[in-house]
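Both complexes below contain chain A, partnered by chain B and then by chain C.
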Partner chain A sequence: MPAPVLCQSCGAGRAALRRPKTGQALCRECFVAAFEAEVHGTIVAARLFQPGETVAVGASGGKDSTVLAHLLRLLNQRHGYGLRLLLLSVDEGIAGYRDDSLDAVRRNRGRLGLPLHVVSYRELYGWSMDRIARHVGPKNNCTFCGVFRRQALDRGAALLGADKIATGHNADDVAETVLMNFLRGDVGRLRRCAGILTGSEGALPRCKPLKHAYEKEIVLYAYFQGLDYFSTECVYAPNAYRGHARTLLKDLEAIRPSAVADLVHSGERLAVREDVRMPTQGTCQRCGYLSSQPLCKACVLLEGLNRGLPRLGIGKPSRMQKVLTDAEKPEVGFREDSQQASRAIRTVDF
Partner chain B sequence: MCESEEGGGCGGGGRPARAPRGGRPLKCMKCKEGPPVLIIRVGDAFCKACFKDYFVHKFRALLGKNRCIFPGEKVLLAFSGGPASSAMVRQVQEGLSREAAKKLRFKPGILFVDEGGVCGQGLEKRGEVRSQLERILRATGFPYHLVNLEEVFGLPGSILRAVSHSATDHSQSYKEAVDGFIQQQELLQCERTGGPGESLPGRLAELSIQDPSEKETAEVPGPLSISHTAELTRLFGAVKTLTAREELLQTLRNHLILHVARTSGYTKVMMGDSCTRVAVKLLTNLCLGRGAFLAGDTGFSDGRHGDVLVLRPMREYSAKEIAFYNRLFGVPAIFTPALATKAPDRASIHRLIESFLCKLQSDFPSTVSTVYRTGEKLGAAPGDDDSDGATEPERCLLCLCTLDTNVVDGSSLQSTLLSEELCQKPPLSAGSSCCEDAPTQTGCCKAPPVAGAIPPQVWLLPLLCYSCRLTIKDMSCLEPLPPYIHSEAERRRRSRAAMKQEIQEFLLEDDEAPPAS
Partner chain C sequence: MAAPLSIQLEFGGGAELLFDGIRKHQVTLPSQPEPWDIRSLLAWIKENLLKERPELFVQGDTVRPGILVLINEADWELMGELDYQLQDQDNVVFISTLHGG
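Entry: the complex of A and B
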């Protein structure tokens, strides 16, 4: 088309993009305004924040968290949320990935003027992801990293005295998770994953202010606002099962752009039968963190690593839990008899 | 055969059934006698007879477990000619012809919907398929109905209304339900024949199979009306995407099946969805935004129509099992092209999910069954079925599911609506200033009416569920929709307007969507 397409919102400016979410042609200003208004709308409608709260923004240096930190600071000023914002980063210890992305976070801290705190796997668990990956091999790395990060964020936020954690999960992430949990038959998570505000009892509440923002729009917004972010895929990611769900979602979006929002809608409306046994939430015997099992996943994985059995926490959970909680009793001389214990466990066929 | 078995396996239990490691099993793992012909699950080799027993048992067990068909009840078998529904018809035949105890005791009829009109088949080809079908159907000995999809243009608007029906009440025991059913039947019988004296010939007529089948097939207009085929083509031509076309076809087909069931007195409909099909449907519907309705769309029984219960007795068989059964026992099936036949993988969401699941299944062999079992754990949304009767929940005009479009705060639907509003806004209000004063009221943005650019769908959308809205949004114009949809939509809008009139003075805000519960 030779004539420039006009913005469908203001009718004056020249359209700069076609919105992935609605398909409308918009100019730059209208898109930025709409995107900000929508995130504000989400925050207000879902009552994500209360005035006076301290919110730790999970900052990885990637596009989602960069946009989230930028938006929260902007909207906090513009609409007077009355929040104290902090940046919280987790250093997993992945050379060539996290060290570079943390540099991006540090650059942003200067720009946003928000305090930054970094917690590292090495400090918290004594293991960096690189070391874990050397032990575990090419598969299941994301299991370790995901479980540890979840807890690391919580511990970091508690350390900083935050009331809430805001993460940069976007609509694509939620849709992907819905798909993945459906494929894996994980009904417990299926019900939880579509929530916008979770875990209010016990642990720190977490919220996803970008839950309804399309990944593509986040990239567009970051581009138009000239935000500095780090975009490289994690070196361990390609082997993850999530990849299947991700590919499927991209294909779905190509067929019907609203599929992302449709999946989120589906996830929100799923109703689990009342007679289905759901995992009950308790606390971990060892670290006191939220867990549906006697021991939380992080403790189990860590135990496996420390015993030289990295695959301990992967696969059938019931048997392994039993082995571990049985071993829990002679807690005192744990280090000494770990050799012996590991030998005993090796006879169990995992 | 038996000799070698007895000689070698004396006291050894099940030993000889399994082959030496890695080799082919030598005997059927069940009867330990017959030669195995196929492996059902890993390591389980069955002989032909045992496979048949296993297959037949599964069907009867599922019906027996759910106990929702009454003796003497008329059951309509939805037959597409494909492998699963063919196997289903065969199962019913087996169940009825059995001399053994526990014979199935319902009265089946078969329905075939000819969709050649939308799947690009010429009249000649359709005639061919038809004669092929009739040969198969006549061989079953059941009464049958051949219906053209074109007949949706003659459906009554009442097809879009759920009939409240006491028999779907599960609180009473099966025995009571059966008694109630029989009493009701007798009452009907008396009414129909004018008195108890004449009931015998009436019953005899129902027992004889040939007679009613003649009569019922004669009901169907023989020659296809060309004008309706053209209307159908126009209707599907107005749908822009294959995804929406698939959904529309499914909707229309369901309406037609329901119509045949109601007019011919069937109170149950059996669909031949296999386990594989159910898994594909679960994931597809999830992607189409039908998350709230997954249980109804794929479960064993679906009572959304009220008077006619839809059953899926084939949902525990994998497509592979069915293929083996049909091949081993010579079940005839015919191939009719569907909408997506020969279409590439990414032509529609339906196609994409099907190929995705099949590919994943070949890498992770438990994929289909895991998805199926995930679906098993889902139920109807709370407040869906346990309505107190006083306030009938509003149902989608097309799929008859309870509307899932109440706007919940912080939901995906709310955000989508907001995005649409923000982008269509007239230029005068900039940014988010409009919402600033009353942040919790999304209604304030709706105030400026959008002049001119109202898409034709707007008046239909409030009557539809989330997913059917998507389907209708993919249509360029709505006029080609069959008249019964228009008339029922009109009726609902009028009754809604009347209701609004009555409560007008109590309303604080003029809002299209029903309030969040």
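Entry: the complex of A and C
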């Protein structure tokens, strides 16, 4: 049996993990202290919070948001951030997944002593994810869910009078997103997806305090601290493109652990050529939410669902925008356009 | 000839779903000519414990990337990974990081 490796920080304890970013072997106590200090360092360096702010922590019941809520509460007390913290959950209406994970959030609310507010898709949009999935079929569910969740968090946070939203996105999530946007040629998103604090113009600002934290460390931190989290994969996720980016990233990380931090760094440092036309942010004609198109993505998706054309918002934005803004014109034009749209949709399907 | 080993296995972070939702398993590994290491343990788990979708747990002769392994509460990366030789009463924990956030 190999001799136990000693902690490279205190030199006394038995090392409990090798840190993926640095290769350093640390004991449980030194790791917990270093992890907390680093997240605090990230918060301070990026000036994520101001004293007196109300921060809504997006809480899914999963590992990342559970660790985030625990850390923010702890660091807020330890370092006197002066924040009022709230838990905000979105109930997408996914039986056997979100209902169970919300139970984990409720257990944590007790443990953390933070107020919890839940907003639901059914209440906000009139459609639960299960009903959407029955309409849309097995593909593109994550597109609907992602667009609706983003807005649901904003609406919930505004309702609670929050100044800011904090989400549990970790370094692996950001690296995946950089990779996905690169693979899709989505330059607009590529430029902003690695930012730690976004959307301060108009919308509620959002921040990612765990942006530099590796998934491995988040999971081990939760394990060592005995945090209770929910870990079932969403029933609709196996069909998502993100899964492929994730597998690729995990394979790369197994060969070279710094790949995750390096991809985040690439996303941060990437400069977009001056002559590349970027989408200009405006507001949605219908609901007033931030949008680079006349209608925001959520309104387009919702319109498609309500008209029985669920694939309306999937694919090229130019086509769907045309269909919908034409629809604001007289009835005749609308009928023609919607027939065209349904024909086009059938050809996409087969 | 290696004597039979009694060890405790634990699955968490969603990995337990591949084992009928059961987190803790007390198992006895039979005696075999070679000493038991993590490599042969994984083959044994795949053969004897894994209930569904083996590709979500093992990949080649190792665990799928994204599954953390702790041997007696320490990261297996510090313990020789696949080559670690199991001792009687060892505790091996597998935690998936691949599920939800």
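Just so we're on the same page, the second predicted complex is superposed on the first by the 327 of 350 C-alpha atoms of A that agree within 3 Å, B and C clash if a C-alpha of one lies under 4 Å from a C-alpha of the other, contacts with A are read in each partner's own complex, and residues count from 1 in each chain.
By our rule, a contact is a pair of C-beta atoms (placed from the backbone, for glycine too) under 8 Å apart; a residue touches a chain by one contact, two chains touch by 3 or more.
Owing to the predicted nature of the structure, the values given are computational and were not obtained by experimental measurement.
K.L.:
Once the structures are superposed on A, label A:16 by its partner contacts, choosing first (chain B), second (chain C), both or neither.
P.N.:
A:16 sits against chain C, while chain B stays out of touch.
K.L.:
Figure out whether A:101 sits in contact with chain B (first) or chain C (second), or with both, or with neither.
P.N.:
Second partner only.
K.L.:
Once the shared chain is lined up, is A:303 touching chain B (first), chain C (second), both, or neither of them?
P.N.:
neither
K.L.:
Examine A:92 and indicate which partner it touches, taking first as chain B and second as chain C; both and neither are also allowed.
P.N.:
Neither partner.
K.L.:
Just chain B (first), just chain C (second), both, or neither: which does A:267 touch?
P.N.:
first
K.L.:
Can A:251 be said to touch chain B (first), chain C (second), both, or neither?
P.N.:
Touch status of A:251: both partners.
K.L.:
May I ask you to decide whether A:176 touches chain B, chain C, both, or neither, giving the answer as first, second, both or neither?
P.N.:
After superposition on chain A, A:176 lies in contact with neither partner.
K.L.:
Touching A:223 in the superposition: chain B (first), chain C (second), both, neither?
P.N.:
It touches chain C, and chain B stays clear.
K.L.:
Look at the residues of chain A and decide whether chain B or chain C touches more of them.
P.N.:
Per-residue touch count on chain A favours B.
K.L.:
Between chain B and chain C, which residues of chain A are contacted by each of them?
P.N.:
Chain A residues touching both partners: 251, 254.
K.L.:
Where on chain B does chain A make contact in their complex?
P.N.:
On the chain B side, the touching residues are 241, 243, 282-283, 285-292, 294-295, 346-349, 352-353, 356, 360, 367, 370-371, 373-374, 377-382, 384, 404, 408-416, 418-420, 422-425, 427, 430-432, 435-436, 439-440, 442, 466-467, 470.
K.L.:
Spell out the part of chain A that touches chain C in their complex, as residue ranges.
P.N.:
These residues of chain A touch chain C: 1-2, 4-5, 14-18, 25, 28, 60, 62-65, 101, 168-170, 172-173, 215-216, 218-220, 223, 230-234, 246-247, 250-251, 253-254.
K.L.:
For a test of understanding, state which residues of chain C touch chain A in their complex under the given definition.
P.N.:
Per the touch definition, chain C meets chain A at residues 12-14, 17, 64-66, 68, 70, 73-75, 77-80, 84-85, 87, 93, 95-101.
K.L.:
In their complex, what parts of chain A are in touch with chain B?
P.N.:
Its residues touching chain B are 8-12, 19, 21-22, 24, 26, 30, 33-34, 36-38, 40-42, 44-48, 79, 171, 178-179, 182-185, 187, 190, 196-197, 211-212, 244, 248, 251-252, 254-256, 258-259, 261-274, 276.
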